[in-house]
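You will see two complexes here that share chain A, one where it goes with chain B and one where it goes with chain C.
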Partner chain A sequence: MRRYLLKRMLTGLLMVMISVAINFVLVRLAPGDPMVMLAGVDNPNPAQIAALTEKFGLDKSIPEQFFIYVGGVLRGDFGYSYVNERPVLALIGERVGPTLMVTLTALIIAVAIGTLLGVRCARKSGGVFDQIICGLSYLFDSTPSFWLGLMLILLFASTLHWLPTSGMVNMRAGYTGLARVGDIAYHLVLPVSTLALITMPYYFRIARSSVLQVMSEDFITTLRATGMSEKRLFNKYVLRNALIPTVTVVGSSLAHLIGGAVFIETVFSWPGMGQLLYSSISKRDYPLLSGIYLIIALSIAIMMIVVDIVYSLIDPRIKYTD
Partner chain B sequence: MSLLDIKHVDITYHVGKKDVYAVQDANMSIEPQDALGIVGESGSGKSTLAMGMLRLLSERICTIDGEVIFDGKDLLKLSDEELRKIRWTEISVVFQKSMNALSPVHRVGKQMEDVYRIHRPNASKEEIRSRVIEMLKVVNLPSRVYTSFPHELSGGMMQRVSIALSLLFNPKLLVLDEATTALDVVTQGQILKEIMALQEQFRLTRVMITHDVSVVASTCNKIAVMYAGRMLETGYVKDVLVHPKHPYTQGLLKSFPSFNGEKEELRGIPGALPDLSVKPTGCVFAPRCPYATEQCRTSLPTLQTVGNQWQAACHQLGGVSNGGN
Partner chain C sequence: MKLTKLLALTLVLCMIGASALAEITMAGDGQPVKEGAAPGGTFVIQTAGDPTYYAPDYRSDDNLWPIAQNVFNRLIKLAAGDGLDYDLASSYEFSEDGKDLTFHLREGVKWHDGVPFTSADVKWTYDTIIEKSWSRVSSLESIDTIECPDDNTVVMHLKAADVTIIPKLGWYDTFILPKHVFEGAEDPEALFTQESTMIGTGPYKYDSHQTGVSFTLTRNEDFWGDKPILDKLIFVNIGDEDTAYQAWLNGEADYLYSLPEINTFDHDNDPDYRVFVSLYQNRTYLTFNFDDPDVSKVEVRQAFAKAIDRQGIFDRFGGGGALAEYFISPLQPLYLDKQYKMPDRDIEGAKKLLEQAGYTPDADGYYLHLSMVGFESGNWTEMAQAIKQYVKEAGIDLDVQMIDYGAWSDQVKVNKNFQVTMLAGYQGPDVSGVAGRVQSNGGTNLGGYNNPEVDAALAASNIEADTAKRAEYLSIVQKCMCEDMPMVFLMENGSHYPIKMSIVGTPYDVPEKAASSEMTYTGFSADHP
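This part shows the complex of A and B:
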């Protein structure tokens, strides 16, 4: 087990390095020059552009730039954002909280409700309730998140005025303390609902098909023949076997949470990582972009190892040998 | 008095809009400490009959008519709660594919304890544990099996676990559904021998479902031959397998090699099982039977007594008797 973990950490590190290198090169190969944007697109001053290019080291070759960047990262220096003139890590640090607030809440709701519905539908598969929920799950599965977000804004914010259209806090009110928490929660409702509705079908289908599959297993017939009550049979034996796939899928989707939900954060003007990523792409803010990708790659690598460990804990059939 | 009486049992599967008549008019009676072998090819309805009489088939996919009288009670008419009490304490089953007979994520011993607790809810931890370990010992398993997971055991060991589990409450009737089919012949031989010894020790009545006539010949005293959902011949093994009356039984025996005696040509039965969703007008075996006449194709033969508890359903009994030798 220990050697296996060590091996996994090394491959994880390698994966992060490769992804950072690819991202680093790729964004620089893309059309568009950040210095032109900084100098002003409408009235570019060649002397200023040249000065900026030299200041940020963009006049060096790409391999050279890459080694300077990696050297900085190893010392904990992720560079400065061109646009914001602030350390990349500080910018990301500000955004991680709001992003996790949306993505984690939505994930918990989607997993809980999706799984409950899936289990319920599997127990009475073919019934009216099952058919309705299955239909809805296909509907929401094929709905684009930004469209659903816009429709919810249209209905609950613009028409009914029940909820705010966008943002994380009411800037004008300037709440503090508990009132601020309540205000954030109030702003959280629509983005979280949108994201949860979009992700729910996924967990619904996994739970439903997994329960159905386990219920047709031979050991269920055995235990039923022993006279075990259906309740105990289901709660102890069916669920324990059927929830393994859900746990593993949740684990791997946790890894992607930190990257945020670009569309939803943009639609709701939510100050999170997704929005930061979006604006850094459109402004060609290389250091910020590389920083965000690095954080995402790192969190995926770490979560994958955690998922592997959790997997071996919940399924006795999986053992990692050296 | 017989322990189990199966009377006019029909089992019909509902597949979409079609009905499949998997078992029709099954009749059988089993005395205490009998060992009955039900033989037939795949799709003959033998497993369906066993699962159906124990009410293990989902009521959403099939209907069962007739009577299954076990110890004076009709299993098909009992309430769920009454049935639950009989299950495992009086009738237990060893299923085919024993590798999947237990939950893969729970330890073997814990699952057996769980089963024990169903019918002995007030038993102490010590009592439960010692009973489970005792039963593992009975089927010659080491005590480490208690803390093992199913995937850590071999097919033969899991089969022994299934048998240990089935004997937990010392049931009157033990049903073995293709219990040794998946095992190699050496292990199969050992386990069959152990099962027979256990039958003596626990005074069991046994129903053995198999497609292997040799298993029935070596371990049972009674036999029922099924084909296309119907029982074609029933009786004592020493009668039916020595002087088969029904052309199907005769054909079945010719398709197995014999160890002693002359080297005979092995012959299968030409043709295939009929479509079970069409109710036959005549004998189900008529399309493949070498002796079939017009009468066989138009009227259904009923079981006729041809000896001591020996019955066969065939119109041509007079004409083909001893044709198997």
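This part shows the complex of A and C:
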């Protein structure tokens, strides 16, 4: 197991390096000179564009820029944002917390409710409840997140006045301490609900189809023939086997959490990574983009290893050898 | 009349005239707000994002602009509606030959950290903008040297007489910075991202910044001018304009950055709001690449002008703006020559022009196939599609590509790889603002239009103090633009902006006193708690 994990870590590291190299080159090949954009569309100043290009090292070749960047990363320096003129790590650090607040909370809710509903519907497949939930899952799965977010704002903020429209805190009140925590939780309700409703169908369908598939396996029929109670059969044999696909996609989703949810964060003005990523793409902020992609790649590599470990815990038949 | 007097007259006309012609009017049945604001309160203003810097002038930073308008001051300020007013200067005069400009500064002004403001701050700011080529170095290009005879006097020695310099000093990125904060730093530009540099002389001072969330200012109790009313200004980040609109309706924000187009006229007859209709010296237009064999032909450009239904464009996309009819902004009536007008829509006339240029219709009825590239912004994609349909009627097959700003910037601004493009922009504060788009070396002359007659007329108008004579030079510019059609104007831009009756003293209410986004006079009405 130890050797296997070491191997997986080395593979993950290689994957991160390749990903960083591809992203580094691709963003620089995309049309759009960040220094021209920094200078603005009205009355651009060529002298300033030239000075900025030199200052940020964009007058060097892409391979030169890449080796300078990698050297910096190895020293713990992820670069300096052109647009924000601040260290990339500091910018990312400020956004990770708010992003995880929304994405992690929504993921936990979506996985828990989606899986429970999936299992319930699979056990009573074809029933009224199953048909209603399946219908709803198709509805939410096909709804754009930004549209659903706006509809929820119109309903719960503008019409019922139950919840705030956007943002993370009440600006006028300026709460501190526990009141601030409560205020943030209050502001979390709409973005988390939107994201959970959009992602829940995914976990619902995986759980439902996995349970249905396992329940139709021969060994389940055999166990049933031995007279094992349905409850024991389901909890001990069906559920464990059916959860493995859910663990896989949850692991993958966890890895992507750090990248944020661009549309949700934009609609609800939530100060997370999604907004940072979107703004760095539109402004061609190369160091910030490279930094965000690097963090996402690292996160994916780590989560894939964690998923492998969780597999073996859920299903003892899975053994990792050389 | 001596040059000094002529210059003074021009500037007075500019200051008074521009204020009078601010074109801020009220729409619908909005009741005039009652005078008087209750002191204090926290005012929440929506912004589209975080500012990059804590001090202005270094680089253009649109998100800093409304904040800087409340923290920093200039010598002269551009008030809402493009009028001019004194700011840190209490008066100024030109020398006999127009080459020396003396500013007399207000006395007793202090920076937010308590250090006295002096002429040395003015000299350091302008010298540094010029030396370091900061954002608006072009506004100061006529300055040769600056002297400070005493703490309250600044003398600018100009390379040549320049009647445009006063409005330019009142415009973007010419705020006076605190010399004592920046001077001596190894890299002064690195300081712009530090909170400690947000020290101004303005009505509000820096309190805190929560990245991605808000930017807070508090009242400057020692402000040298009229005392600000509010306790706090909070600039809150709401990037999506539909969400911002809902937050504003729900009372979570008091002042919007912009209104969704679909909601533009929603409050015209609502007694809880008053609506201000403003016109800006900002115009949306098409421009052409003069290196292209097709659109470099004047007949093709003229055909575009005749084919496009400008009234249709305005009706569909105009909002608070106006129909584009002339070659300079209608907000410059002293210089507007109305004999040079954009042509009326004439499809047959457009076709004749294309035939004159040697084009014949192909099997599909098209005289020529062209491409137009623009960047995605607001309703521009829909407007580009409307233009495609208009010119199609005249036999021009226009392939429209709307791309993101970065890609457009690369393709059009850097590589000049385009035939037709669409953009908009400010053409003020002085009438010479049009030069950036039509002068051969103009920064936004993207198509490379080059007419020596235009260059000469613009150069002459910049040093001509007599309004009538200046108008003659600018008439030549308009005549050339009408004949050469380097730009096909689509629309005069403006806004249709509702203010809640519970709020008083916004820049729209007091355009003669407040700069755009300056909240010195803003407060909550005592009558509308």
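Odds and ends about this structure:
Following the convention adopted for this analysis, the second predicted complex is superposed on the first by the 321 of 322 C-alpha atoms of A that agree within 3 Å, B and C clash if a C-alpha of one lies under 4 Å from a C-alpha of the other, contacts with A are read in each partner's own complex, and residues count from 1 in each chain.
Here is the rule we use: contacts are C-beta pairs under 8 Å (C-beta built on N, C-alpha and C of every residue); 3 or more make two chains touch, one makes a residue touch a chain.
The structure presented is a predicted model; accordingly, all values stated were derived computationally and were not measured.
After superposition onto chain A, the modelled positions of chain B and chain C are compatible, with room for both. Look at A:I153: by the touch rule set out above, it reaches chain C but stays clear of chain B. Legend: residue contacts after superposition of the two complexes on their common chain; A:D218 is shown touching chain B, with no touch to chain C. Of the two partner chains, chain B is the only one touched by A:P316; chain C is not.
In the superposition on chain A, contact is made by A:I244 with chain B only, not with chain C.
Comparing chain B with chain C, the partner in contact with more residues of chain A is C. Once chain A of one complex is fitted onto chain A of the other, the partner contacts of A:S279 are limited to chain C, with no touch recorded for chain B.
In the superposition on chain A, A:V83 contacts chain C only, with no contact to chain B.
In the superposed model, the vertex angle chain B-chain A-chain C (Cα centres) comes to 150 degrees (nearest 10). Shortest separation of chain B and chain C in the overlay equals 48 Å (C-alpha atoms, whole Å). No residue of chain A contacts both chain B in one complex and chain C in the other.
Every residue of chain A that touches chain C in the complex is listed here, in rising order: 30-34, 36-48, 51, 83-86, 91, 94-95, 98, 150, 153-154, 157-158, 161, 164-169, 171-172, 266-269, 271-272, 275-276, 279, 282-284. Chain B makes touch with chain A in their complex at residues 54, 56, 83-89, 92-93, 95, 97, 100-106, 111, 114-115, 118-119, 149, 151, 162, 165. Listing the residues of chain C that touch chain A in their complex gives 42, 44, 49-50, 52-53, 59-60, 133-138, 190, 192-193, 210-214, 234, 236-240, 242-244, 246-247, 249-250, 252, 403-407, 409-411, 413-414, 423, 425-426, 436, 443-444.
Note for the complex: chain A touches chain B at residues 217-219, 221-229, 232, 236-237, 240-241, 244, 314-317.
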